[in-house]
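Following this line, the structures themselves.
Both complexes shown next keep chain A, but they swap its partner, so chain B is in the first and chain C is in the second.
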Partner chain A sequence: MEAVIETKPRKDNWFFKSLRAIRAFFTNPTTLYILKRIGSSLITIVLLAALVTALLRLLPDEKFYSNSLYMKILGKAGEKAANNYKWSQLFEAGIVDKNNNRVSIFESIGKFLYYIIPIPKQIPIRWSADYSEVLKYWNGLIYFGKSSKFDNAFVLDIFKERCGISFLISMITVVFTYLISVPMGIAMAKKPGGTADKIGNIFVVLNYAIPAIVFYLIMNKAFGLINIDGKSFFNFKYNKSNPVITLIPPLFCMIFLSIPGVVIWVRRFMTDELSSDYVKFARSKGLSEQTIFYKHVFRNAVVPLVRNIPATLIFAFVGSYYVETIWGIPGTGNMLITFLSVQNPDVQGIQSLTVIYGAMSILAFLLGDIVTVFFDPRIKLTD
Partner chain B sequence: MLSAKLAEDFSRKASSPVYDEDKMFRRVELSTEESEHIAAEPYSYWKSVFRVFIKKPSAIIGLSVLFILLFGMIVIPFFTPAGYLEPDVTLTRLNLPPSWEHLFGTTNDGVDLFFACWAGLRKSLILALISTVINIVLGTLVGLAWGFFRKLDPILIEIYNLISNIPSLLLYMLLGMVFAIAFPSMSAEVKLVICLTLFGWIGVALFIRNFTLIITNREYNVASKTLGTPAFRIMLRNLLPFLSGLIITEISLTIPGMISSEVSMSYFGFGLPSTEISVGVLLDNGRRYFDQHPWQLLAPAFTLAAVIFTFYLLGLALSDALDPKKHR
Partner chain C sequence: MAKKEIKKVELLPTNKVKVGEPIVEVRDLEVQFSVRNRILTAIRRISLDIYKGEILAIVGESASGKSVFTKCLTGMLDANGRVSGGSIMYGGVDLAKFTTNDEWLAIRGKRISTIFQDPMTSLNPLLRIGSQISEVLIQHRGMSKEEAKKEAISLLTKVGIKDAEHRYSDYPFQYSGGMRQRVVIAIALACAPDILICDEPTTALDVTIQAQIIELIKELKKEYGFTVIFITHDLGVVAEIADRVAVMYAGQIVEYGTADDIYYDAKHPYTWSLLSSLPQLGQKGETLYSIIGTPPSLFNKIEGDAFAPRNPYALEIDFVKEPPMFKVSETHYAKTWLLDKRAPKVERPKILDEISERVNKIYGGGVKK
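And then the complex of A and B:
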């Protein structure tokens, strides 16, 4: 006799269905894994903010004020004015407080963490001349600091204002690079040692052999911003009113230089997959070469490539330093380098950009892992 | 029925004088040595790789250019005329364009660029090789463990996120101070190698980790795990051979990259001092005077191009040859 198991009748209205769906979603191991990753990422961002603040505090005081200016003021207006200048500079960098006491490293870290934790807060941003009273407060959730460069604007505002053009350039570059180099890599991999492979290899070698800096300098001379004794024959410079024409030279350079990096890997992944057993099996079953190539091999070879897609999309907001400097494009590429100038580093700028870029790259890493699993179900991120 | 007929047939053949076994065959001594001998050449993976490698045209071109470069690097510095590598005190050799006397021209210090390129190549290549070997070995070991042991993944991901997101320029600034205080007598070469390898390996480790993740659940690895193969053996025998082609491609791109990053290091004050002669220093110098004296940039750029060309071709041929499935 078998025991009769009585089951409760499933309640099948829309409410219970959606409730079950939500429960299934949250008990799914992949979701749990992603939630765990997001949790540990938040800890990493806090650690990153603390670490970068600590490292900035390890820099010597002389980095934050100009010694020659100090000496000049000392000679002209006396010691008090000079010390006042030095003190105001150090105060802006967060090294000393209002009473000229040194702030400890832990205090600096705590202050910056308070800035970036999303709670409503009020932060003084402008003082009277002797720093005795606060003239202006900033109100909001996450405070990303105020730069001492770029006309003393807020770091987030500078980033927002500049990321549009960088994103446009990067996206056009990425789209064209992949449109050109994926078919090229596939054509090369179809017959290693064949004509297409030889031509492609010659192109990649020649392209790759030009050091990027030399290429940019030659392009700069041909249609760059700086033209010495009128030798540059186009003198292209980015112009907001005519972006289509003026963006062609920088886009050409970026696409041209980023093609080999993709071609090499597409060819490598395709040739590695082509010698697999499943290809031999498909061939012995009598499948056409086209089907084998695009349905079997490409599906597998593309897995390592799709991993980079989220990173490419997210980091499109960060421009290229060389290209933006040469063609005078007001993008995000030179922000970090400007903040990090060896003579006068911008503390709040560096802190904020590190946290912004850190959050972006952590997100890109996580999305990259998820996309990989989506494209190749054999890969497991969890145990 | 049939077997009886066969047996009869056989006995008839054996007894008849035409089919006399003793006359037809010669009995040989039983020799264990001879019977155990394998006449076919034993299969050796690396010999087979070499056989495929050496037949490729790209390998032949790459090897010959590499040979020329090595020969030039070792021999040409011995024939350098006296004083050609030092700044010219008589000020007669400054900024000369290429001519028969100075094949690649001279720099604004009066250093002959032809001899400087060969001498610089020797130094740069040695530094690049050392940094690449450290980065690749460390990166591969960490990356394999990172991809294989799932328990390590969360920790190493966060370590990677932390390290890769600190602005490198800030680290180099601080590192410069540490070196100046703690090791004032350390040579510039050692400093450069330390800076290039301190965090360079973590990028390689991530690269290896991503591929390990992709292949670690393929059938042959699952089979190995099911059979109870130790983890170390799976990594060494299953994963590493699969990754070898990718690692070779990565090495062939990293070596020239290391020479190029010498240039960017000198921005942060970690390159070799401008009095030293290396390809990076020459490139950095040439970049500054490109508008007036373009040969000062083009000469070291061509030298670097030759190195990139050689290593790319060799890497391509070797990574194609490493796949044993294509050997026959």
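And then the complex of A and C:
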């Protein structure tokens, strides 16, 4: 028997329509899953921020000021001036507060978390060399601190200014890496043990065997800006006005070094699929090898490949510090190197950059998972 | 570089072959594999006729060469295997002489189809069921996409998929194991082949689904009139389906005959052992019969009868000289020296006398007459 339920006629004006749409969106299991993933990502980022802050606080105090400078001031201007220098440096690193009392690790963590949790806040910023005076307030949601390098600018501002070129480089790298690696992996998988496979394997092994730093040293010698011995063969330098030519050597390096990592996976996914039962059955159906290879095998091998693309992009983005240093490209890769300087590391810079990179990586993996849904009907993003 | 010449295979139509006449004639077939620089002879000089319209069951333990034998019919041997001797005549062509994939395209799927063991992995998990059926129709029967879709839906209905129109665009993971095997059968039948090779099609399925699939194959056989080669090691299934049975051991056919010949009048000691070890014959409290020893390694040259070391009835000559095929009746042949005039009289195991009633008890219909 059919149940007869009197339903009120649906109100069909734009307001109710959009209301229903919003409700459908938020009760969709996929949306819920993604929201959940974002939630757990935020927890991960908080833990990451706490961890990096704690680790930085474990560094000895001497890391944050120059002992020779301290002695010099001590000799010339006396103990008060020397201590003044020392305290100011430690204050900058967040180790002491403005009354020269030591800040506990938990207090540091709490403070940094308060900075990065997106709530409206006001943060006092000293603008002059005189540390007793507060001249300005920073207003906003997420505060990533001020760097002691890069002319005392805000970390986020430096990042914003520099991420464009880094992103461009990593984008081009990923596109070309896949454009080269995928056909190469396919050619290798077509005939395992054949000529193409052998040549490809030699390339991959050699590429892996040479340490990246050695490769960069060679490239530096040939095309770099500054050398160990002050000479360079071509003396390329990144030039903003002529980016196409001047970006060729760094891009070549990045692409060259990231090809084998993709090639071996393409080859592996393809050979995996080639040895599966459904390929045997497709062959017994009388399909031509060409059809089997592209319609069945490649189609299936693409799924795990696509999933890795966002992660590859982020790794290229984070890992571009060598090329940026060698060719003087003002990108984000440079930032981390500068922040991490052995003498006088930049605490707020390191903290903030770690959180930014961490957030980007988590986002990349989430994006990879979401993209997979469009390529594999078996995967549903639900719990 | 010279253009590669594609050899056109001129297959004669087989529809003139009458039911009961040989459609495939295998003579002295030998298949070798090279495994780590050693030669393994998987098939040792098999000769067999396959008659049109019959259901031929090939039984034998694992690694006896059942699958390899049928793979020779569609050129599906692994890359390290090759037909090293003999001939397979089909449609006026010697299939054993085929070398390239292009030649096989005229046979595979079109004339001879195969159903594999595991329906869970036979279908591409990422392609829709429908497209996996219609790609065969488009390739072999030159249909357009719409025609192929129509035909595919009718095929799906025929193999017992309900609501085929909607299920056409489903993915394999939305199907159960039994339904997937039905789809595999539909694909195999798409081009109305002459011969359907069933390579243990029910081994991966549970018993009730097994029975359904066997019933389906029988029904479709009646409708299309194709020949079935049914590989299995389940003699119970054989009793239910087969017209003729060939027993394989160590790369050879040691005995073949009608299902009755094999079940009631087996002559080869290996067939006796195989039948005696049927679990259905076991009585509560008795130890179930099992064949002692293991099959010989096919890397070595085999002297005499391959089964001799495991054979309680072995004669001295079994270790020296390979027995020929002795004719028992018009339909029944066995490869054992026990059939020689000079051989001592040997009684077959008593347990086999009860086989018919015990099989009857289990399968109801029992061995078909």
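What we mean here is this: the second predicted complex is superposed on the first by the 321 of 383 C-alpha atoms of A that agree within 3 Å, B and C clash if a C-alpha of one lies under 4 Å from a C-alpha of the other, contacts with A are read in each partner's own complex, and residues count from 1 in each chain.
Throughout what follows, a contact is a pair of C-beta atoms (placed from the backbone, for glycine too) under 8 Å apart; a residue touches a chain by one contact, two chains touch by 3 or more.
Treat the numbers as computed from the prediction; the structure is a model and nothing was measured.
A.B. asks: Once both complexes are superposed via chain A, do chain B and chain C end up clashing or fitting?
C.D. replies: Aligned on chain A, chain B and chain C clash with each other.
A.B. asks: Once the structures are superposed on A, label A:289 by its partner contacts, choosing first (chain B), second (chain C), both or neither.
C.D. replies: In the superposition, A:289 contacts chain C only.
A.B. asks: Look at the residues of chain A and decide whether chain B or chain C touches more of them.
C.D. replies: B
A.B. asks: Once the shared chain is lined up, is A:214 touching chain B (first), chain C (second), both, or neither of them?
C.D. replies: first
A.B. asks: Check whether A:303 is in contact with chain B, with chain C, with both or with neither, and answer first, second, both or neither.
C.D. replies: Touch status of A:303: both partners.
A.B. asks: In the superposed arrangement, does A:378 touch chain B (first), chain C (second), both or neither?
C.D. replies: Both partners.
A.B. asks: Output check: A:54 vs chain B and chain C. Expected answer is one of first, second, both, neither. What do you get?
C.D. replies: In the superposition, A:54 touches no partner, neither chain B nor chain C.
A.B. asks: In the superposed arrangement, does A:313 touch chain B (first), chain C (second), both or neither?
C.D. replies: Touch status of A:313: no partner.
A.B. asks: Looking only at the overlay on chain A, choose which of 199-207, 217-225 or 289-297 in chain C hits chain B.
C.D. replies: Superposition on chain A puts chain B right on top of 289-297.
A.B. asks: Where on chain A do chain B and chain C both make contact?
C.D. replies: The overlap between the chain B and chain C interfaces on chain A comprises residues 276, 303, 376, 378.
A.B. asks: Under the stated contact criterion, what part of chain C meets chain A in this complex?
C.D. replies: 74, 76, 101, 104-105, 107-110, 113-114, 116, 118, 121-127, 135-136, 139-140, 171, 173, 184, 187-188, 191
A.B. asks: So in the complex, the part of chain A that touches chain C is made up of which residues?
C.D. replies: 276-278, 280-289, 291, 295-296, 299-300, 303, 375-378
A.B. asks: Inside the complex, what are the residues of chain A that reach chain B?
C.D. replies: Residues of chain A touching chain B: 36-37, 40-41, 43-44, 47-48, 51-52, 55-56, 58-60, 192-193, 201, 204-205, 208-214, 217, 221, 228, 264-265, 268, 271-272, 275-276, 303-304, 307, 336-337, 340, 342, 345, 350, 353-354, 357-358, 361-362, 365, 372, 376, 378-383.
A.B. asks: In the complex formed with chain A, which residues of chain B make contact?
C.D. replies: 56, 58, 150, 153-154, 157-158, 160-162, 164-167, 169-171, 173-174, 177, 210-211, 213-214, 217-218, 245-246, 249, 253, 260, 263, 268-269, 283, 287, 290-292, 297-298, 301, 304-306, 308-309, 312-313, 316, 319-320, 323, 325-326
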